[in-house]
Amino acid sequence: MKRHSRGLRISAVLVLAFASVMTMGNAQAARTDITVGMQLEPPNLDPTGAAAAAIDEVVYANVFEGLTRFGSNGSVNPALASEWSVSDDGKTYTFTLQEGVKFHDGADFTAEDVKFSLDRARGETSTNAQKQLFANIDSVNVIDDHTVEIALVARDGNLLFNLAWGDAIMVDEATIDDAAIMPVGTGPFTFANWVQGDKIELAKNPNYWGVPAKLDKVVFKFISDPTAAFAATMSGDVDTFPVFPAPENLAQFDADPRFSVLLGSTEGETILSINNQLAPLDDVRVRKAIAHAIDRSAIIDGAMFGYGTPIGSHFAPHNPAYIDLTANSQFDPALSKKLLAEAGLADGFTTTLKLPPPSYARRGGEIIAAQLREVGINVEISNLEWAQWLEQVFRGKDYGLTIVSHTEPMDINIYAKPSYYFQYDNMSFQALMAAFNTQTDPARRTVMLQQAQTIISEDYVNGFLFQLAKTGVANAKIKGLWKNSPTQANDMTGVYWED
Amino acid sequence: MLHYLIKRLTSLVLTLLVASVVLFVTIEIVPGDPASFMLGINAQAETLEALRTELGLDKSKPQRYWQWLTGMLQGDFGKSYTYKTPVAAMIGERMWISLPLTLFALLISTLIAFPAGIYAASRRGRIGDAAVTGMTQLGVAIPNFWFAMLLVSFFAIKLGWFSSGGFIGWDQGLLVGLKSLLLPAIALALPQAAILTRVTRSSLLDVLSEDYMRTARAKGMSKRSAIWRHGLRNAMIPVLTILGLQFSFLLAGAIIIEKVFYLPGLGLLVFQSIAQRDLIVVESVVMLLVFAVVLVTFLVDLAYAWVDPRLRTRS
Amino acid sequence: MKLRTLVPGALLVLIFLSAALVSFIWTPFDVTKLDIPNKLQPPSLVHCFGTDQLGRDIFSMIMVGARTSIAVAFIAVGIGMLVGVPLGLAAAANQGSFIDELIMRTNDLVFAFPALLIAIMITAVFGPGAVNAIIAIGIFNIPVFARLTRGAALSLWSREFILAARVAGKRAARISFEHILPNILNLLIVQGTIQFSLGILAEAALSYIGLGAQPPIPSWGRMLAESQTLVSLAPHVALFPGFAILLTVLGLNLLGDALRDWFDPRLQRLRS
């Protein structure tokens, strides 16, 4: 017993000595650079002129900032606007801007820049991909250098939220034309270098107005192939892959102490969209039959290797207003067959399933096709690229079924647009959303959101599948990465290496 | 000779002109609008219209064809819709991967094919010949993207000797750059080496049966030195022709290998541009590749005509 | 006679042909049926090639995949022959004329385009699918057969028996089909076999980048594409479809070589 404890003591001393050597070594080598893996390369770096998520994933909060910004939990926080006040009628917002803010080229950031940025985004020749965010703005008025007033057409509970989007960032008139290849913002990192097809480098902004970044250098490396992504992360060529493209490999990372797997939520409601105007899918019984024919757990297991949360409506489970409606569409093939028979389709029918490129759609599509076949619905799959999908499905509405993840935050209002690609036309839902948009009382807003979730769930507008999980992998020593993904961004401002 | 040269040159220019029309028409009927791809699912009709005007997509098709053609003649390949940079610069950058990769692959395939082909020819009908021929059969039959996948899973993932994809850049040093091109070059070279080995072997065998080779052998020259002194030089012509064709084939044909290894070369650029409907990039790169093929064919024809005057008068 | 290549070649081709044919009436498992709890099973007595990421039996998928590959390649080569051979005959019959020039220049034009890129563009226009893969591969087979036919036919036009037929007043088109075509048929069969094997490779490449037959129809190239991220987890998913392509192409090439030797008396003499 005694001998035993001595042995233990010796080993404890050794461990301590070893540990102190380790920490010393690490303290010397405390890294201040990071390589972030991304699957898609941004086409350009101007978030106000294109929809590609990859643009925001590089520049949002790092290079460009807006008046407000999203926090990692989805909250809307002050950014370039330090505070704001709202008039009693809710139609005028007055923003106080941070003082001493400079663009990376040394130009001062003032209220004039706010006016320019917002007027440009909502102007006639604007090519902003989310122009609808600014539709309710009546005018932007400069009060003084650090005060700006936004007048609205109608009361709007969403303004602060809308201004936090990457499409609403503040730009400088003098440099915006070159932002596609040479972005100049106010953020804690400056754009340094872009090797097209390979990587983008950002450097720390020494003159940042706020809390300076802890990293000196951020490299975004583009690896589209999941196998290559796996190998690059395993070998340490990439320090973190915030959205790891192959869920099948996550278990291997989880088992390895060098890595941490960051599982979080995204705003991506992954749905089997149904063309609500196309017979026989215009019959609610048929849509209900489809909903009950789908086994969500098989899809999450087969397509996502278990990562994803089942949803029963078009709403993110991590949102406080979420209600679980999955019971409305339990897996019940017998009920499906009965419903089809009631709709006069006892022998089943044939429809198309058009799938965009992401693997959740391609794999999920094969599984859903097999499940629908079980209840007699014959599905013809065609795999499309995004451009074809936009043309045929989204604009042309030439489809029966499709699978897509709607990654915009809080987008249940798309069900209020009858011209939207799934063509759901429900007057009472539209009225509810109109009332919601002008409602500013938080408690009332929550109730209305819950009503909205229930309506579309019970109308079986679409097959609601699962909330896309954020499956990130990182070196276990990296701290401060976003776990969730309230917007598509890789906010590097608070990231550091642990000693 | 001059007459022949003018005739071939005219046909070269005509081919290119027709090719440009065919290409433009094919690409313009590709469904999918670059503007709506860029602006995504929330874009409004007026925003799309504004972007189309900005990109010059509102002009008529003949107008745009003429602009593209005259621009190219002056070395201006237009500006990419999505990347917003000049296409010529993008091609230039990608060339730094595609060209070295092609040359590297050709080098590897030559280094394998010449010795193997000569060896097989010199041991015709024996075990060594059969072994080489058997290997070439396998080399031709193996799908190169599958071979590439196997290379990646073994050398990059299992052993970790190489990175499994991407290109580190020449700024990290020549050796580092070459190292990241090695696996893709091997994957590309293997089927080419198999073809080249067969051509080397058979053209060497053809030459060996010629009279002057028999004479050389009769004069007491050893088989080996007969091959080296007389055989090889004469067997080179068909081999070089194949090499020339392989060069232009590889430049564009590397697309799948570039995809497996995620090398940002010309092939991958075209592939992505088609997906993004960045039509101007597709048009210009494919035109460039067509030009390369036509030029190589032209030069090969010219070389033949130089060697064999009979060809000049015929056709 | 080269039994050495004929026997293994014919045997391999026969195996895959019969696998394709049998798959119409029987496969060990239904390839449209998923069994997700049993995904990525290694080869076993039940699933002799294992199961894929959705729990389907890989052996059955390879059988049905053989059908896809062979059908696409066969029809594509058929198109190439049906269009290319008459064009080549016409060019040879009118050697040096405007038609000849036009046909040969068009050939050069098609050759000048990078084949795979054009195939990608064709599917971008018409959408992916087996039919469009056939068209894309078929187009590039036309000039191959046209050029081969023209070359072979030209050398025949100067022969005595053709001259005799011309003297007898037969028209060029008739001579082409009655006298020339039968005499170059050997050549076409050999080239057809080679093109068939290239067609299998091309189909695999197109499906690999997602432009071939669409799911749930199994295809070897798409099986490989889908297995790519699974190589480290379940290598068998990537190995078997690859070997299927390799062995089919190998078989066709060996068969083509044997046929060439069979038809070419000069080589036959040399070899023996």
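A, B and C label the chains in the order they appear, each numbered from 1.
Heads up, the rule we're going with is that a residue touches a chain if its C-beta (ideal position, glycine included) is under 8 Å from a C-beta of that chain, and two chains touch if they have at least 3 such contacts.
Remember, it's a predicted structure, so these values are computed and weren't measured experimentally.
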Chains in contact with chain B and also with chain C, listed by label, are A
With chain centres set to the mean of the C-alpha atoms, which chain is at the far end from chain A?
C
With respect to inter-chain C-beta contacts, which pair, A-C or A-B, contains the greater number?
A-B
Chain centre separation (chain B, chain C; CA means) in Å:
22
Approximate Å spacing (C-alpha centroids) for the pair chain A, chain C
45
Interchain centroid distance [CA atoms averaged], chain A/chain B, Å
40
Numbers and ranges of chain B residues touching at least 2 other chains:
31-32, 149, 152-153, 157, 259-260, 274
By the touch rule stated above, which residues of chain C touch at least two different other chains?
124, 228, 231-232
Residues of chain A that touch two or more other chains: which are they?
225, 227, 230, 385, 388
Note: in the complex, chain C contacts chain A through residues 32-34, 36, 39, 53-55, 124, 127-129, 210, 214-216, 228-233
Chain B - residues contacting chain C, complex
11, 14-15, 18-19, 22-23, 26-27, 29-32, 125, 137-138, 140-143, 145-146, 149-150, 152-153, 157-158, 252-253, 255-256, 259-260, 267, 270-271, 274, 282, 286, 289-290, 293-294, 297, 315
Contact set on chain C toward chain B in their complex:
96, 105, 108-109, 111-118, 120-121, 124-125, 197, 201, 204-205, 208-209, 221, 224, 228, 231-232, 235, 238, 242, 245-247, 249-250, 253-254, 271
Give the list of chain B residues in touch with chain A in this complex.
31-33, 36-44, 46-47, 50-51, 53-54, 82-85, 90, 93-94, 97, 149, 152-153, 156-157, 160, 163-169, 259-262, 264, 268-269, 274-277
Under the definition above, what is the set of chain A residues touching chain C in their complex?
225-227, 230, 245-246, 248-249, 252, 298, 301-302, 357, 362-363, 365-367, 369-370, 373, 381-385, 388
